[in-house]
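Each of the next two complexes has subunit A plus one other chain: subunit B in the first, subunit C in the second.
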Partner chain A sequence: MINFQYLRTTTAKSALALLSKDKNSKFLAGGTNLIDLMKRGVTAPEKLVDINHVPLKQIEQIGDKIVIGALASNTAVAENAIIKEKLPLLAMALNAGASAQLRNVATVGGNMMQRTRCGYFYDTEMPCNKRQPGSGCGALGGFNRMHAIFGTSDKCIAVHPSDMCVALIALDTIVVLASVKGERKISFKDFHRLAGDTPQLDNNLKADEMIIRLEISVNNLAKNSYYLKVRDRASYAFALVSVAAGMEISNNKITAIRLAMGGVAHKPWRLTASEDFLKGKEPSIENFKQAAKLAMTGAKGFGENDFKLQMAPNSIIEALTVAKSKA
Partner chain B sequence: MQSSDQESNHGDSRRDFLKKSSLITAIALTPSVAVKAAENQADERFAELFEKIPLNLTVNNKNYKSAVEPRVTLLDYLREELHLTGTKKGCDHGQCGACTVHVDGERVNSCLSLAVMNEGKKITTIEGLANGEELHPMQAAFIKHDGFQCGYCTPGQIMSAVACVNEGHTNSRAEISEYMSGNICRCGAYPNIVDAIVEVSKGGIKA
Partner chain C sequence: MEKRVLKDANDRVDGIYKVTGKAKYFAEYELPGLTYGVLVTSTITKGKITSLDTKAAEKAPGVVSVISHLNKPSAPAYEQEGGSPFKIFYTDKIFFNGQPIAIVVANTFERATYAASLVKVTYAKEDFNTDFEKAVTDVKAKKLQGQPEYKRGVENAYKTAEVKIEAKYHLPIETHNPMELHGIIADWRPNNQVTVYAKTQGVKATQGTIANVFKIPIENIQVNSEFVGGGFGMALRTWPLEIATVMASKHIAKPVKLVITRMQMFTMVGNRPAAVQTIGLGANKDGTLTGITHRAFGETSAYENFTEGVVNMAKFMYQCDNVNTQYTVVPVDLGVPIWMRGPGEATGAFALESAIDEMAHALDMDPLEFRIKNDPEKDQQRNKPFSDKNIKEAYRVGAQKIGWNERKNKPGSLIDGQWKYGFGVSIGVFNANRGRASVKGILKADGTLVLQSATSDIGPGTGTGMTLIASKLLGIPGDKIKFELGDSSLPPAPSQGGSATLSTVGSAVNDVCVSLKSTIAELAANSNMDATSNFVDVLKKNNLPQIEVTKQSQAGKEREDYSMYSFSIHFVKVKVHSLTGVVKVDKIVSVGDSGSIVSPKTARSQMVGGAVGGVGMALHEESIIDHRYGRYINNNFADYHVPVNADIPEIEVHFINKPDPYINPMGAKGMGEIALIGFSAAVANAVFNATGKRIRTLPITPDKVLAG
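What follows is the complex of A and B.
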């Protein structure tokens, strides 16, 4: 690992000031992704600002909002009584990701900021437009079994690897960002980006900003929620396809529904067309099949990942079926 | 930036060279004016980069005060500086769990944590589990159930297993397997490892 300057701070204000002083500096939270990338030479910041002592670890309900600090660990969120009771979808998604050791240190903000696990991005000998803009995409026509089927570009077909983020986009989460100028709020669906012509940008966080906290409105989806993760081994592997499903069912009608997929796009993929179709309908297998079909509009395989074109709709049907049967 | 860093990856980095050359110049030319000129050649920040950071850690109930480069991982610090080689380096990328230690009672991958991030914390490694000659119940259970073959992953497995019991994730064999999935065993001793954990958790011994 190339050495770097290490600074520690205890306030968000000083962290932001330290960051803005140096263009090639980064925040260090849990470090489980960043330190790995630095070891592999994928990234080489000259300065790390350790923000682990900034007090942003709260997990609490304020009125009808659940507030989660950016530095709360994945374990702290997944094991929290409020989260388990009111947002089980988030707890399930968190527990489906990584290992107990990683979840103990990985933070909510860091999880959002993690980079793709595309092999071409990690291998500095390979072309990758995300790592080195203009160098090409090795995955197009290469080993692309894990790659995207939605919203791809001819520059990049990498996927966002997070499970947590799939649940967060389904839960209509609000992200609170801060800079030296103040705070701003954005919708979770606007946080991550599609690759387009700028695959080097994973998200819309500005260079002088940090994630402060998440706000999630309390909902009635808890009873019929399910996070399905399909992967190559039973645990501790990234998703081939994952589905976050939450429904509110009343008198055998779907009165509210949230659906999102992971492992299929450069960002967590919300299935709004399927949601619109299911709303007000019976939670029947026929309707689930129709919703899954709608979700696949515009999907495109790249060879090795063609199987996802079938696995994705099947996973949507399965996730909805399990979510429904939980009542 | 990135490509020049990579090119200088072998041996001395560009930053090393800049610092060393300015130092050598400073030593060779004694007049203070010359020293000042040499110092000014290097960016101030480069000098700062090589400052070791003071580090105060408690490892297995023993306090250690030292100074380390920021890039030293907790794993390398334990093994190379403190010579506590019980903690193993497997993949060095957080994929195998061989480096698992407890930080303030929680299991973490020491390969993905910088030593300096752990300032003031209490670390427990495999060397700190036994009470003198008396094995920790989990160590004894691993021996009883033959929970290893080559033994390389074992320190990490045992540290993770102790945490798994403390966390209460031992309600079924399936739950144990799920919460032990961060520890890979290439010999495939998994069923016996689960047996060991079941025994300790059922024995009511606070592992």
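What follows is the complex of A and C.
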């Protein structure tokens, strides 16, 4: 094996100090993706800084905010009583992801940082601009059944694989980042990036930063929330298309609405045009259909994934219908 | 040996070992001085190796040796040029992407892995084609064949029938992917003594292959394979990677262990070959079948040929005077395929049983009724009676259990919100084999019986079945019987494949037990004991610590007089989501008509496993290749989908459980294959019944349902 140094730290401060010292270091949390990437030769960090013992596992409500530590496990979040009651959309999305064994070790921060599952990214014998900028995109003209239909570039059509992140973008989550210089907050929608000309960059986390926690404002969407994941098998499969839908309905009017999709873009894809359309309207099937249609503006298939152009709007309608019927 | 606990006489005899981790699989054996091999594989699809630089690898820490075509250790059978099979390290030619081209041996697995990454290879590339569907469309120019053409009555009679259908069905490559990775431990010692720990479906076959390649006496080779973590057919041959490991051990005079990676499981240990099939069916308006035409193209490799029984079923499964079949293999630049559970018959049954459903629909008949109407009285292909066939009873049992009376003949009739429900049925059939095997029985005065045979248990419960046969015949409780297998020094038996082990080896167990029983009776009579005396008393009275007997058993003339098959009927209820195209299997009823059931629990497990495999074949399994590069894209367990528990509904298994009067002394027929054969068609037929969409390309994924 390729040798690397393994370090363990118990504070965020020392973790950040170790990171800033060495450009080729990586944090190791659950390791469910990073270890695979190392085994496949996609990444070869010289130092692995194990942060599993850094106390960032809190899940709590502080005032009107729910705070989730970056190292809380996917299972811990999905099964937390506060999350289940107040943010069921997040719990549903988490439970739709991976397998029970993976969720037990995978962390919130690691989930956000996971790389695409595009097969060309993992095979070092094939072209991939994300792995090796300038080598080309294997998925263009190749196997692209799982790939993006929104916000693609001629450099990369990969999708972000997370379910959790689809719920988080829908929930207007704030991401708290830290470096040796201090903390900063960014909106979840600004955390991940589109591929553009720099597909090697998945997100806007700076090289010397770490994710500390998430902050989510308590909302009134809990009653009418649903996460729909359409996939090739019932568990342990990435989304063909997924939809996070949350509504607040009063007097047969949609007073608040959050809608996002997964499996369709290089980042979790928020459907703001559909939200704007539905706000203040009746939660009717006709309006859902119109919202789904609006969501598809600019969508583009690449051959094998053309079916998503039909599956995506259908799934939006289905997710909204189920979310509505939950109350 | 630790005492085994059988709570129930029918319990799996090795179950406790398997669930407690005490069962020892090939990779778990520790030998003094064991070294670790890692394969370097081709990154091009076709061409020649022009240089292979091993200097850096050889200098890497812990490396013992790097073996390739440059320093090939002696393997006499490989010395002459050309021919098939592929001779590892005796060629610089590349036949497929992922072909093993060197083995790096080091003192740890990690060091061997690292050193393998340092081997530098250059190639002269040639044009290639890995796209089977494309190869099939180009095939007309070439003369190829897989099986002789078969014709009964008028060729293509379906074309002039009152009602006719013609349809084309596509099956992708599937990869066996047992949990246990493939590999071997080889220990070549002085004087050409060789011990291997193998993952094999046939210890005698592995022994024979090694003897042939290295031209050493067969008795020099000891093959051990007590536990196998799933085979499904992929361990029915000794693969080049195993020969490479034996070569490496011979070369360095140390034991070498090789366990390949999951990715390598896709390229170097076979696959279910892709197939394109056309079926034409003709019938009278009253539902009488008047013509069956089944033409199939099957994938093979460019460097070795592989054929299987894709078109067998069409020849005898339905009463029909006019049948013609054609099976052609088409080479592509991929690793050679191998039988995968159900093998070619499962491929063929997907097409034929889908077509039968299409014809029933064209006739506006219940597909079950249509099958019953065309159920054959005798085997028209061989012009012989069936030894035993209870299909009509199996239909009745299964139809009742699945709730067939809820089914509507008009597709799309059963709707609940966005879900549409449908029912499907299909037949599975496979030759009820019986080969030749020997078993040794040692009956001991301590009340125990040891049975020995060089057969295998890849999971079906061979030891359990054999124990139950002996227990029934001799009245000895199962926990006093030990069946030893997976050891090439034991009396010979064929490889475990083609659903034949219980029939073949079980018959020899039967003969051994009958013989032991009569010896005990003779001894009892000679010592003036009652004929019903316990064998322990008889042996003690005669001062015998044990008696032993070895019997060889094989089929006789009955196979000339009768046509022998195992049958299954699969009933499936599905629901299909109108908006997302997701298919959920809602209920499964599989009925086995395979003679007497010797081992009820493991027989049921076989049927359950077959149904799960069938759901995979129908809805999930597909090995995807980027034909521009000739490389697999989804070569891991996250992307190559097999069903998970959440995909599997309640599975009901029923057996007709009537002895076949002719097959063997137990009246029992194999069922490993029939558990899977036809299942995928039952799912496709149910999807059609739910939606009116006929999907002829497996797997039936949501995108196909939406598009269909």
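Annotations
Note that the second predicted complex is superposed on the first by the 326 of 327 C-alpha atoms of A that agree within 3 Å, B and C clash if a C-alpha of one lies under 4 Å from a C-alpha of the other, contacts with A are read in each partner's own complex, and residues count from 1 in each chain.
Note that in this section a residue touches a chain if its C-beta (ideal position, glycine included) is under 8 Å from a C-beta of that chain, and two chains touch if they have at least 3 such contacts.
Note that the structure is a prediction, hence the values are computed from the model and not measured.
Judged by the touch definition given at the top, the superposed model places A:256 against neither subunit B nor subunit C. By the touch criterion defined above, A:24 reaches subunit B but does not reach subunit C.
Once chain A of one complex is fitted onto chain A of the other, the partner contacts of A:299 are absent, as it touches neither subunit B nor subunit C. When the shared chain is aligned, subunit B and subunit C each come close enough to touch A:235.
Contacts of A:2 after superposition on the shared chain: both subunit B and subunit C are touched. Shared-chain residue A:145: touches subunit C; no touch with subunit B. Of the two partner chains placed around the shared chain by superposition, neither subunit B nor subunit C is touched by A:309. By the touch criterion defined above, A:44 lies against subunit B but remains apart from subunit C after alignment on the C-alpha atoms of chain A. Shared contact residues of subunit A, touching subunit B in one structure and subunit C in the other: 1-2, 41, 99, 234-236. By the touch criterion given at the top, residues 1-6, 8, 24, 28, 31-32, 35-36, 38-41, 43-44, 46, 48, 50, 52, 75, 98-102, 104-105, 124, 132, 234-236 of subunit A touch subunit B in their complex. Touching subunit A in their complex are the following residues of subunit B: 1-3, 5-6, 9, 13, 15, 45, 48-50, 53, 69-71, 73, 92-94, 97, 100, 106-109, 112-114, 116-117, 119, 160, 163-164, 167, 169, 177-183. If you check the complex, the residues on subunit A that touch subunit C are 1-2, 41, 99, 117, 119-120, 123, 125-126, 138, 141-143, 145, 228, 230-238, 240-241, 307, 310-311, 314-315, 317-318. The touching residues of subunit C, when paired with subunit A in their complex, are 43, 110-111, 113-114, 117, 418, 577, 579-582, 584, 619-620, 624, 626, 628-629, 631, 633-634, 638-639, 641, 643-647, 701-703, 706-707.
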